[in-house]
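Pasting the structures here.
Here come two complexes built around chain A, the first alongside chain B, the second alongside chain C.
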Partner chain A sequence: MKIIGNKITTNMSLFAFLGFLIIVFSFTSEHFLGIYNITSLLTNISYSGIAAIVLTLIIISRGLDISIGGVIGLTTVVIATLYSQSDPLPVWLILIIGLSTGALVGLLNGWCITVLNMDPIITTLGAMAITRGLAYVISDSQSILMFEDTTDFISNGTILFIPIPIILFLITALIFSIILHKSKFGRAVYAIGANETSASLSGISVKKVKMILYVLSGLAASISGIILVGQTSVGMPQHGIGTELEVITAVLLGGTALSGGKGTIYGTIAGVLILGVLFNGLTISGVRYVHLQIFQGILLLAAVATYEIKTRNEVAT
Partner chain B sequence: MKSTLLKMSHICKSYPGVKAINDVSIDLFAGEVLGIMGENGAGKSTLIKLLAGAEKKDSGEIYIDEKKVDINSPKASQENGVSVIYQELITMDTLSVAENIFVGQLPVNKVTKLIDWKAAQKKSTEVLALLNSNIKPKSIVATLSVYEKQIVEVAKAIHKNAKVVVMDEPTAALSEKDSKSLFKVIENLKNQGVGIIYISHRIEEVFKISDRITVMRDGKLIATKQTKDAEKKEIISMMIGRELNQFFPEIKSEKKGVMMKVSDLNINGIIENISFEVKKGEILGIFGLVGSGCLNIARALIGVDDIDQGEIHINGKKTSIKNPKIALKNNIGFIPIDRKNEGLTLNFSVKQNLTLQSIDELGSSFIIQESIENSIAEKWVKKLDIKTPNIEVEVKTLSGGNQQKIVLGKTLEINPEILVIVEPTRGIDVGAKMDIYKMLENLCKEGVAIILVSTDVPEILSISNRVLVVSNGKIRKEFKKGEANQQELLYEASLN
Partner chain C sequence: MKVWLKKLIYSDDIVGALGIFLVLLVVFFSVMTPHFFSLMNFNSIIGNIPAMAILCLGLTFVVLVGDLDLSLGSILGITAILAVFFFKVMHFPLWLNLVSCVIIGGIFGAFNGAIVTKIGINSIITTLGTMALIRGLTYWIAMDVDAMQVGRITDPAFLNFGRYYFPEKSRLIPITLVYLVILYGASALFLNHTSFGRQIYAVGSNEATARLAGINVKRVRFVCFIIAGMLSAFGGLVLVAQLGLGEAYTGQNMILEVVTAVVLGGVLLTGGKGRLTGVIIAVLILGVIRNGMVHLEQVTDISFYWRDVAKGVILLLAIGLYSVRKSFNAKRLRTRQ
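Take a look at the complex of A and B:
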């Protein structure tokens, strides 16, 4: 029961920190708790939140994906370019091609990592440069306008007054928390991250599981890209710059260990919310974007430091 | 009597809920080997950690050369002349032998203040020569054998002028031949006046090389005896607190048809034309010294090592075992050699480890059904008498014997028809050993074919129906039960 106890306390302290931030910002800005701001905050975190949920599984498996931002940019450009043709394909097909873009990048990442046994950081760093570069080449470094009903609905529509991106985020979180915490596949992900040799000797198809994870991560990044196109009505190669950092920060903040085998979806949700509240609160309190980046960097380091200190204490007791 | 080098007096150490060391006092004389014996969890390792400064004692005193010392860090321990060679060697594998021996104190050129490699190599060669070793100072440690790495650790201790050298299960991963060389090294250290604390489960060894034996149980010191006055049975019964009738159970079973047939198995440069059969209900022992290839035979059978040539038939059907998953599908269960890195997932709970090989059986959908998982775990905890507070604790908190039972339970859950087990009782306590032998006996009765790869000579001779001796990648000889004694087995294994 001890493990479960720890899980709860870790997440509790994260949510307590979140509550603290909310209280602070409700004093520093009168608009913070307004319904408009809350909705826009939640909508804004949804798109990176989806990628963060999937990345949680990758980091638990002791991998990493930093090509997320590049895939987002490439997806927006692919979609907008296809739509801007004089005789465009049907929108559903364009969206499928957009999703396939991410899936394909994920497949290639997974192939390099499992078959060629390449390091995940380096592999996806390469993929990040390639996808971003491709986005610039395809778009000729231009922004491509895309006013289109379906993407507009995905990003700005509501169901029962709830914006669709938030619904997508919640559905993703729900599905993946079941997969990670309740399913056989989730158990395999933890086993691989905790001890790959033992997992493989236990009959787990390590390569297959990893491959699936990277494909899912690519897919999630493409979904984020589609949401972004709808929100901005434009596909451009700069979309998603820095998103990988944001997403990795959120996941680590949520208590997932870079060393693998540990982490929860609830933790990541807390991490995403903390990051979102902090950015939103600081922004409407008048802090400039350039300063926000510093906060983000500090938060990332603090997340990792907290984890290290906690593990050291666990070893000591 | 020689002078007292080390005295640990009334040492106590508690962890939450456990008294790991309870009022233990030991002393060690110059030029003496003190064997410390005890089952896992008896407190031997904790006692050593206190001496090494890796843990802090709650109360008690430590004297070195009859002077009270305060050992509160590994550095303080080393400065007082204590050198500990842990079971899991802590050599720096990517560096050279010389760099390991001189760690942190490489000789420097007086003028340039740069490292004087020539001097470092010359001194390393000298230290290694004291140990009758011809390891090259320039060799990278990662390329050395386990024995050679141990020698490097010993050389490091000598270089630091250690007065007290502690060896924790030093022969656990050594072949018989290397163990013998190590005993010579210990003899050598003794003659130089070094005091040695020797921790081992291998009673034969401790009797052979120690001057006195201290037995610990449940954190307490049971007795310290002169080795020449002690009897093996007596020591064992002190360790386990009850009389042991025999070392090994007689495993009797009815052997029926051939379960597995291996023909002309080859791994280029490692094993050559290995052929054998195992019957249902039979234990086939495969014995060889380290590097003989017998480990690779086991690894090929479970799909870890790729074979270049040869065929495996299971129940008369030709089967290609490309990976462990396929092995498991063909009902081949296994216990790998390295419990902590291959057998278990240390951060996982008892329950999660026990069900890891049979995840697919945990419910009909993709969701794990917790009730099934719990009942599987409870079943094995009961059947194998695994001592754990509950099935939710992480396995890293359990003793080696209980961990090994979990490795066994995990693979028995797949209902194996063939069981490939490598060093199943290495480094575990006598009680757990007996439990595991008993389980193997039951499996034989149920008709499971067992392939046992072990370097433990008495073990393999006692529980196998037949023993194949492997050396240099080839099968040299086959002994039926009772045909060979320990000397003959070792002799055959050492032939090239």
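Take a look at the complex of A and C:
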């Protein structure tokens, strides 16, 4: 009972902080709570939010994926290049090829990490260089225009007045919170993060679980890439530079520990929302972009310091 | 089997293999392109790597104790801006500029180190935060000071700090090469022949044992962060002198390449293992690829951008082979027993 209580308070304090931010910004700017601003805020965060949800599982299993930004860039370039051919493939096929790009990179990452026993940071660092490099090679460092109805619908369309990226984000969050918190697979993810040896001794197929996680992460990054192509109408190798750090920041802000075995999807959603609200609110209140990075840095340090001190007190008592 | 061959195959050290790979790369580019093999081109390769090599040296200290510092690129950026600020607004002489920038770099390093060792936050998270924080400060300074809008430096004394050649006329040895030799040589001596240097390795390979052996573990880690910060500041100064300008985004996105080089050089991310020879060879490998691909693009139609792909593949191959060999060696030892 006590453990559940702690879990709830961590998430509660995150959402309380989110509420605090919203109240502050609704005073500093009259436009903040406008329906237009809220929709654009949520649309903007769903792009990196999808990747953050899957990354949460990877970090809980004590891994890391730095190749997210590279995969996003590569996917946008692959899709736009295929579409700009004189006799393009059907759009659904192009999108499937785009998705399999991410899945393939994930497969490579998973293979190196599970079969060759390589460090996840190093592996995905290499994958980041490879994907980003391929994106530059394929596009020859050019931006490739892509005005196309399906991708435009995926990123700018609405169902019942709700933008589709938000719906995609919510569906991803729902599916993964069920997987992580209610399924055997989710328990396996926690067990691997807490202690890999004992997890494998208790009959969990560690390699299979990890492999699936990295493939899913690649897929999620590709979905982000598809949304980005629709939003910007262009595929270019610079897409997604720095996204990996943004996504990692959101996940860690949500209380997931880099040391593994600890973290929740709700926490990550709160982390993504806090970062999004902070950026949007400060921008709309007239704070310049350059100062936002300072706030982002302080926020991350303060949040993690709070967790650290709290856990230390819990251990002490 | 010959002893050296045995050593190359079975030892945990990848420095020898890296050296052979570097030579093969140089031979490859020399055969494939007409202008690669020349003193002028080698000088231009050396001219392109100093900031990178100095940052790698700083990161090596931090990684050897088992931490990671992602904020080094940002520290390089803020010193680049501050160097211009001190020079154009405060009119500092070169030596004072140098001293104050290196001290400021050390202060940022100490800030990282204090958070990591005193509060006990994971170094990746800490430096992810300070990376954004310091970069934000850099943009702030760069945008709010009018004199910074044009960051160009034309004073020859300052420029010579990064562009001088020994002897001046025949342009034989660039001054940056001298810096690299001094810094790497001093660091190698420091790491291998002082008790503090050995303590760094001890802390990295097993923190608990090091503590039991009476080493002040937190102080060692703290000092490594300060060294890394100071070295990054020096790297920033060299870069400003070489380029003749400092901008707010100097060194942005540099850190992942630095991590790549350090890891490729055989420094274990878990700490306690790694040699500076490996690091400098890895930096040279990346520099040769970057330069060689430009030459290759001129004679063939292979895109210059394959270099990033090559970088990633080499990293994965090197570390993959290393970990395969490690498990192979472990098996060999088991069967022998």
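Simple rule for what comes next: the second predicted complex is superposed on the first by the 316 of 317 C-alpha atoms of A that agree within 3 Å, B and C clash if a C-alpha of one lies under 4 Å from a C-alpha of the other, contacts with A are read in each partner's own complex, and residues count from 1 in each chain.
FYI, contacts are C-beta pairs under 8 Å (C-beta built on N, C-alpha and C of every residue); 3 or more make two chains touch, one makes a residue touch a chain.
Keep in mind the model is a prediction, meaning the values are calculated, not measured.
Engineer: Which chain, chain B or chain C, ends up touching more residues of chain A in the combined arrangement?
Structural biologist: Of the two chains, more chain A residues are contacted by C.
Engineer: Report for A:Val215: first if it touches chain B alone, second if chain C alone, otherwise both or neither.
Structural biologist: Once the two structures are laid over each other on A, A:Val215 reaches no partner at all.
Engineer: Report for A:Ile94: first if it touches chain B alone, second if chain C alone, otherwise both or neither.
Structural biologist: After superposition on chain A, A:Ile94 lies in contact with neither partner.
Engineer: Using the touch definition from the top, say if A:Ile241 reaches chain B (first), chain C (second), both or neither.
Structural biologist: The second partner, chain C, only.
Engineer: With both complexes superposed on chain A, which partner does A:Ser183 reach: first (chain B), second (chain C), both or neither?
Structural biologist: In the superposition, A:Ser183 touches chain B alone.
Engineer: Have a look at where A:Gly297 lands relative to chain B and chain C in the superposition and call it first, second, both or neither.
Structural biologist: second
Engineer: Is A:Leu57 touching the first partner chain B, the second partner chain C, both, or neither of them?
Structural biologist: Neither partner.
Engineer: Over in the complex, which chain A residues touch chain B? Could you list them?
Structural biologist: 1-4, 178, 182-185, 187-188, 190-191, 194-195, 197-205, 261-262, 317
Engineer: Show which residues of chain A lie in contact with chain C when the two form their complex.
Structural biologist: Against chain C, chain A makes touches at 66, 112, 116-119, 121-123, 125-134, 136-137, 140-141, 241-242, 245, 248-249, 252, 258-259, 288-298, 300-301, 304-305, 308-309, 312.
Engineer: Which residues of chain B touch chain A once you look at their complex with the stated criterion?
Structural biologist: Counting only chain B, the residues touching chain A are 16, 302, 304, 323-325, 327-329, 334, 336, 341-349, 352, 356-357, 359-360, 362-363, 366-368, 390, 392-394, 410.
Engineer: Which of the residues in chain C end up touching chain A in this complex?
Structural biologist: Checking each residue of chain C against chain A gives 115, 119-122, 124-126, 128-137, 139-140, 143, 248, 253, 256, 259-260, 263, 269, 303, 305-313, 315-316, 319-320, 323-324, 327.
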